[in-house]
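In the two assemblies presented below, chain A is common to both, partnered first by chain B and then by chain C.
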Partner chain A sequence: MTRCLAIRATIATLALGLLACAPAQAADTVDPAADKAAFQKFFTGKFPKLKLEDFVNGPYSMNEDLHRQWEEKEQFPPYEFSLEAGKEMFATPFKNGKTYADCFPNKGIGIRQNYPFFDEKEGKVVTLELALNRCREANGEAPFSYVKDDMAALTAYMAFTSRGKPMDIKIPNDPRALEAYQKGKEYFYTRRGQLNFSCATCHIQSPGERIRAEVLAPALGILNAMPIYRSEWSGMGTTSRRFTTCNSQIRGVPLNPQDDEYRNLEYYLSYVSNGLPISGPGARP
Partner chain B sequence: MAFVLSTLLYCDGIIEIEARETSLIATFSKPAFVLALLAGTAMAAPAQAQSAAEGQKLAFDRGKGNCLTCHVIKGGDLPGTIGPELSGLKAKYSRDELIAIVTDETKRNPQTVMPPFGRNRILSEKEIGAVVDFLQTL
Partner chain C sequence: MSAAIKAVLAASALLIATATCALAASEADYKAAYAAAEAANKEAGSLRNQWTTTASTLSAAKKAAEAGDFDAAVAKAKEAEALAKASIFQATSEKERWKDMEVR
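And now, the complex of A and B:
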């Protein structure tokens, strides 16, 4: 300990309750690779029985009874309908004759693990949902709602073609990319709302605990299963839907889907889950 | 600012969980005035009981205390598991300590998950008084 430059967790935003020690490292250096290693180590240390790839099953990874439920669900997956619809939509040409495939590398197949990415031309993070709507608009079609139905169906199909591929988010050597990452991280650990919760309060401090009847998912791999079918929603939801719902639950004011903050947040959360397999679409209680 | 938020730094390869904040609770909160006034000797018992019943309602109400989200509490359904079961509190804490915990537990434990019900005005001082009357029956 004495060798560590122990910066005490002075304020409540230090959600993890870790002693932030930065040996031989300037205190404000942004070091995503070290973050990722520490982040993954925190979870594997906290849940030594789980393999890295198990975390992508969210609340179902957290206890055996739930895991059994998950296996049963996978026999008749509730997202099947949405997945089929997404596959068909993906193959159907726009009015101008082009298709989604024309907008993406590798015709959109098996690429989910590379999203979100940092677009150096725009200087911002681009998520898969955003790229899909931009594709529509570029081809003269109206954008979809970000939270459910069509958007969920399309992302369900794209995730499905990428199942098993390790999340592979790159941070290019561009100060703006590092800044986006860092802002996403700050968003994740900042407490807000009347209930004074950060994302980390629930998904780092309390994974596996029940909040009322719901079991909290671990933050590691938390986006790998997106989009998800939730029985509680009786339908599908996208990453945008989950972010805004979690913000409302803490009596905070949610941002608009695809606001910069959410794009940065998704960038951070996906990067620290690098190496864990894409498992979407997912099913949840 | 940036360093304050870098919670996930490596420390010689070890992540250490910070020891629970052990400092004593500051006795910053005023005792619930209204209740003190009501508690004239003859009135004391029934007023307390009534207030405790009111406190139970507040504690179980999802729009108010919603304490069941995190605590097992006798008489409540579908409790969460984030906080400890609330029982035997009278033996453990003074009334002022309980008021302090419900008002702003981050004073005692900056990392706590528990919302600061008083500081963020989720519950009024009077409501906190009632909730604490209820806690003292557990």
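And now, the complex of A and C:
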């Protein structure tokens, strides 16, 4: 009898142990499709009145007054000059006679929604900003700063040609791609800087809330509007500028633009916004 | 003067002398404190998690030392070291803790 009880106890303990292990394993499994579903469900549940495609309008989708301001602003959008400059730059040949169109599929038109992508040859994530500078260098031109106006103008034009197209980031069946995605996710949720904030602190936990005078944007669709004209910056900003500024605002030393961490972060954030339309270039308060 | 009073006076003089020594930091103290802070900040850098405040506190320490105020320089260097160590702690503990925040 005692022996029988002992066996039962052992079996029960083993079963409990297995049960306890199961969620831990699930948490460590990389499943981008499940992540995306949970991510989008979280936001649509938090803001049930908002249509999925409206999340790309950032703080303007969170606040009625701001939304009205934005509608008025869009009649004479502040990014218009940058867009025009980008269009001209895009069409202007390099010294060797080639253009940006020669570096991209479909001559660079309507392809924004496919960036960043995982380059299986290189084994790394390639963002649109990086691809543009690689195109310049391959054609004997000096690369642009990742955080300044020229890069913003070029990406503004390319985003404009993709407006309305759903974000369509692919994760190939390659363990390196999954690792890049997972590292991007880890970066997004990791607290850093003296203020001990992660990206998620503002853009998951507090979208729609104010941080000083600003209304925080939801993480869902946050990159679909890039690049953006920010009134606070009195100018255009690229994705690289957004990431590095976020880091310094929380008193963390920013990494170099297009370091692997930022490329992976862009990969993760873009993937979980798959299906939402490209709305860039955008304008923000 | 009695021997006891002499002993008290001597002890007091010694106490004042040592207390003065402890308060006034030397350039060597500053250099040691600065090197420790810099090493900790370098470690934070290898974890890709330096804080801007560590950098600004380190430069404040340098500025104080250049002005010859080694007390302030040592205090700032120690503050920078504490900040750098906090950033190391943050980076290390976040290796697992980030999962708590994940949307699932």
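Everything below uses one rule, namely that the second predicted complex is superposed on the first by the 258 of 285 C-alpha atoms of A that agree within 3 Å, B and C clash if a C-alpha of one lies under 4 Å from a C-alpha of the other, contacts with A are read in each partner's own complex, and residues count from 1 in each chain.
Everything that follows uses one rule, which is that contacts are C-beta pairs under 8 Å (C-beta built on N, C-alpha and C of every residue); 3 or more make two chains touch, one makes a residue touch a chain.
The structure displayed is predicted, hence computed values, not measured ones.
Asks: Counting residues of chain A touched by each partner, does chain B or chain C come out ahead?
Replies: If we count touched residues of chain A for both partners, the winner is B.
Asks: Answer with first, second, both or neither: which of chain B and chain C does A:Leu178 touch in the superposed model?
Replies: Neither partner.
Asks: Between chain B (first) and chain C (second), which, if any, makes contact with A:Arg210: first, second, both or neither?
Replies: Only chain B is touched by A:Arg210; chain C is not.
Asks: One more residue to check, A:Phe39. First (chain B), second (chain C), both or neither?
Replies: In the superposed model, A:Phe39 contacts both chain B and chain C.
Asks: Could you tell me if A:Glu186 is touching chain B, chain C, both of them or neither one (first, second, both, neither)?
Replies: both
Asks: Quick one: classify A:Val30 as touching chain B (first), chain C (second), both or neither.
Replies: first
Asks: State whether A:Phe197 touches chain B only (first), chain C only (second), both chains, or neither.
Replies: In the superposition, A:Phe197 touches chain B alone.
Asks: Considering only the contact definition stated at the top, list the common interface residues of chain A for chain B and chain C.
Replies: Correct list for chain A: 27, 35, 38-39, 42, 185-186, 189-190, 194, 196, 200-201, 205.
Asks: Could you please specify the touching residues of chain A with respect to chain C in the complex?
Replies: Contacts found on chain A: 27, 35, 38-39, 42, 185-186, 189-194, 196, 198, 200-201, 204-205, 248, 251-253, 255, 261.
Asks: With touch defined as at the start, can you tell me which chain A residues reach chain B in the complex?
Replies: Against chain B, the touching part of chain A is residues 1, 3-4, 7, 9-23, 25, 27-28, 30-31, 34-35, 37-39, 41-42, 45, 182, 185-186, 189-190, 194-197, 200-202, 205-206, 209-213.
Asks: Of all residues in chain B, which touch chain A in the complex?
Replies: The touching residues are 2-12, 15-18, 68-70, 78-82, 106, 110-111, 113, 115-116, 120-122.
Asks: In the complex, go through chain C and note every residue touching chain A.
Replies: Interface residues on the chain C side: 45, 48-53, 55, 83, 86-87, 90-91, 94, 97-99, 101-104.
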